[in-house]
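First comes the structure, then the notes that go with it.
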Amino acid sequence: MLNETAAGVFTIAVTPFLPDGAVDWDSIDRMVDFYIEKGATGLTILGMMGEAGKLTAEESVEVVKRVVARSSVPIVVGVSAPGFAAMKTLGDAAMDIGAAGVMVAPPGNLKTDGQVLNYYHNTAEVLGDAPFVLQDFPLVTNVVIPTSVILQVVADCPTCVMLKHEDWPGLDKISALRAASDAGGRRISILCGNGGLFLLEEMLRGADGAMTGFAYPEMMAQVVSTYQSGDLTHARDIFDAYMPMVRYEAQPGLGLAIRKYTLAQRGVIAHDTLRKPGGNLSKATKSEVDAIAIRQNTRLKLLGL
Amino acid sequence: MLNETAAGVFTIAVTPFLPDGAVDWDSIDRMVDFYIEKGATGLTILGMMGEAGKLTAEESVEVVKRVVARSSVPIVVGVSAPGFAAMKTLGDAAMDIGAAGVMVAPPGNLKTDGQVLNYYHNTAEVLGDAPFVLQDFPLVTNVVIPTSVILQVVADCPTCVMLKHEDWPGLDKISALRAASDAGGRRISILCGNGGLFLLEEMLRGADGAMTGFAYPEMMAQVVSTYQSGDLTHARDIFDAYMPMVRYEAQPGLGLAIRKYTLAQRGVIAHDTLRKPGGNLSKATKSEVDAIAIRQNTRLKLLGL
Amino acid sequence: MLNETAAGVFTIAVTPFLPDGAVDWDSIDRMVDFYIEKGATGLTILGMMGEAGKLTAEESVEVVKRVVARSSVPIVVGVSAPGFAAMKTLGDAAMDIGAAGVMVAPPGNLKTDGQVLNYYHNTAEVLGDAPFVLQDFPLVTNVVIPTSVILQVVADCPTCVMLKHEDWPGLDKISALRAASDAGGRRISILCGNGGLFLLEEMLRGADGAMTGFAYPEMMAQVVSTYQSGDLTHARDIFDAYMPMVRYEAQPGLGLAIRKYTLAQRGVIAHDTLRKPGGNLSKATKSEVDAIAIRQNTRLKLLGL
Amino acid sequence: MLNETAAGVFTIAVTPFLPDGAVDWDSIDRMVDFYIEKGATGLTILGMMGEAGKLTAEESVEVVKRVVARSSVPIVVGVSAPGFAAMKTLGDAAMDIGAAGVMVAPPGNLKTDGQVLNYYHNTAEVLGDAPFVLQDFPLVTNVVIPTSVILQVVADCPTCVMLKHEDWPGLDKISALRAASDAGGRRISILCGNGGLFLLEEMLRGADGAMTGFAYPEMMAQVVSTYQSGDLTHARDIFDAYMPMVRYEAQPGLGLAIRKYTLAQRGVIAHDTLRKPGGNLSKATKSEVDAIAIRQNTRLKLLGL
């Protein structure tokens, strides 16, 4: 079961599809193996990047089953939904199958501190014993969650064990959360998103690792472990070597297609298909990704990676 | 099957619950009978007012079955969803059960004319042969759909047979849509929402009736039929007699609880329960509803109703 | 100087223009006289309905001068601005000219309780001694201000003397604010907007009157005074008689043009011109206003008004 | 006068303040010299980064005078405003003083393609002969402007001579705009914002340069000129060397404070003061900026820069 000590890299997994739009089960297996081989300490599925909204309820459950069966690391399942009934149905199913926890982002209609707090009170009640991750991603959800509200959720809901941090800017928020737990509050795990664009600084502020889907997950594993080993300069070298790609992949909306393109290029998934409705990368975009990858490779060789 | 000639009053139905939160199946039957007895020419279920997001997928299907089995008038099923997979699943199920059509509101992340148009192209493709209602409700969806985009959807998608009109202000939009069909475009049905607050003027502009959930559906049936009979003055008398209540019930968010309170007071549903999370009416609000109802009753008697 | 005891009807004034777009100074004088004659206990100028954004800074100051010079009742000046410098410039000028106070709505980029509170702290500091009205109008500002934040502003800022209440739904908010002052908090004036659509219920909840621009301001004066005299039934009769028009005028965006049309029809302002960019009423809309006005007049005669 | 051939780097200038909040006129002079020395081919003042909303109307005009008097390169003045009267007042004043052109971002309440187009039609009319820059920055304005609307503005408004491009993702948009002008449409200048985060790729897509405020403007000048000289590899080397800082500075909201901190560290402006209300950088943030700057310096030395 997921708990407050979770750390390292929880990779946000894509959902691979065949060219005709069917779920590509074989690629799921290969992808799970790949992520773990590259250093993932956990996987998060059916998140915003997992095209969850394009899966039927049945498919969602089948994907959970397949990933849980294949994985040797804990699985977090995204269960954000417009209503609590759907959240509960998928959450209960996921935990029954063997997920370690679930993740919930707030719906976009929440406007005040009290509404956000109330939403997570209801979430915790609906999810029962399932440990949950609070996803704080205002760029996409349009809901700004102040530090005080996160701390109140942590105080009120023992099953809230992790923050998926992707407020932007958000570094001072990590510092404030850590100051609060240093002062005696319950300390939860903080894993960071934003495509890894601030991973080094996030670790410096007290994060426990990353939870994001950058298509070179080894970067995240290496930055986190090198940082934790105390070699800050080398951690920065690795981080900077990947930065042009991290930046390019972090383009909202486009990022998923870039990520699938890269995973297909790397042989992890068989096809870079997005299920409909989903755009294709332009030829120019693919060229840009290729050019960045070539230079990235050169920099990594210089670092002996 | 729903088509472009649909007219009259499609009542937006609530979903009745028992005090413990279970679906109240007996009240569903009574409610269907009540709406039809009061003049409904159709019913719309699982809309925004139907607490659809609080139902599990299984419950949603059961509600469709129960209502279709009981009803002698056509049923429209709300199938708006964050993803097309869920939309298709419920849409296909509803049509298999015997619904006359489905209704789709746009998701809040659509920003440009092209994105809205593209969304309805995908919707039409996903729904296949099912006739669908385009719900235009910017106050809640935050998506403004210009007249030109509605006309393009109508031109491109033969299965779009009805507009649920609740733009606000929206009267000139009805006029513009009717001018376009008078000039040779395909004419679809326009049924109006907004709680009935502009029903008389909407009819004057060319609407075919109402699709909303005012808890005195006889008002809508009487205004529409009296207007159609040519007695505009009497239609206005009826409309004005109900207006203080229409206005009071039209408060966003609060309206559903007021509606359920009134339906329970009228003996239609057994309880005014909202499924969690859902607020209760304050004592002051109930007093206000009661006071308005008493005066409404007096006015109706003066009109011989 | 405006203070917490302000009550009655503060009419939101339009800014009259000549057909060529110049400010119509003569109509301003006539309008001020008209509002006061119809029972206004104060006037609010340069609000959202005053086309403030279409006036140059110099024109705004001239309008304040003209209205203050003409008026025998206190003047509130809208000074909402994207930045505090502009707010301070107009606020200082208005108070120097002799305004009784100023009004400030929050800018749309405020997201959390703390941000709203901080904004009003800064507002109070910037405005110095000037008494100010907190305008709570989420439908237009997109900023939801919870009761707790309003109470904190009242507690922290002695110069906040009035709430322009137009949250929707907002009746329970009035009750909550009054419960707080009954329990010992500072009691500020609450005048209500929303075009007067809930005026009767707002009085029942504890409001001190209206601050809105309904083009028949005598309705508001009569409802408030009749209510205060204890004749609730007669207050309701008056309120209901005007309701079809109140509802029609309350259409967002369109309302200002309807209001100017009515004021011109009533001979108050010379022209119904909106300064560019501003729409014109369609012929159908004018017909609808006319039809509602005729029936309204009949109802008022029956009431002896 | 600004025209369609504008290219290179138009630096977005800050407005320097003394610790007491007064405008720091001496630092303005030094800043203008610095930007030009570092390769600026133009300057843009009173933009979002210029704290324009915190200046009085008089101060804004004085800043324009000071910068125009000092500068040997063309000046663009941001004149975005909630109303056209304020836009016209500042726009006319700026052009009279000697600005080369003005810049206008759309207000956040525009929702449809037609509303955006109409807004720029009005803008062009209000501004008269003044050449204007269309600022396309959805992340901040919340207005998404499709390529088709930009092309229509270009077709309809001869005084629209430049696009400040900062849609995100926006690279394919540049390609589409260039394809349209290659096919015979009027070609306008495209200068790119987003803090320079995609400058290299933007040049590859057909942009004419940058218009953004990265605190090392030499990066932009060098990338643009090196790219134009044909040495793509060296352009990428320079671009990549600065990327960790570009990324860090691009944090929304925080970016301005980081920028002023860096400009003060570099001796360009005397103080890193933000006028109230404006946050201060945390100690941790300053440390992060310092650490990134040190490594950046090392990389630049390796490149012989």
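Going in written order, the chains are labelled A, B, C and D, and every chain counts its residues from 1.
Keep this in mind: a residue touches a chain if its C-beta (ideal position, glycine included) is under 8 Å from a C-beta of that chain, and two chains touch if they have at least 3 such contacts.
Because the structure is predicted, anything quoted here is derived from the model rather than measured.
Using the average of C-alpha coordinates as each chain's centre, A ends up farthest from chain C. Between B-D and C-D, more contacting C-beta pairs join the chains of C-D. Distance between chain C and chain D, defined via averaged C-alpha coordinates, is recorded as 39 Å.
The mean-CA centres of chain B and chain D are about 48 angstrom from one another, to the nearest whole unit. For chain A, residues touching at least two other chains: there are none.
Every residue of chain D that touches chain A in the complex is listed here, in rising order: 168-169, 171-172, 175, 197-198, 201, 204-205, 236, 239-240, 243-244, 247-248, 251-254, 282, 284-285, 288, 291, 295.
Those residues of chain C that touch chain D in the shared complex are 52-57, 59, 81-86, 88-89, 108, 118, 122, 276-277. Here chain A touches chain C in the complex through residues 111-115, 138, 144-146, 148-149, going by the rule given at the top.
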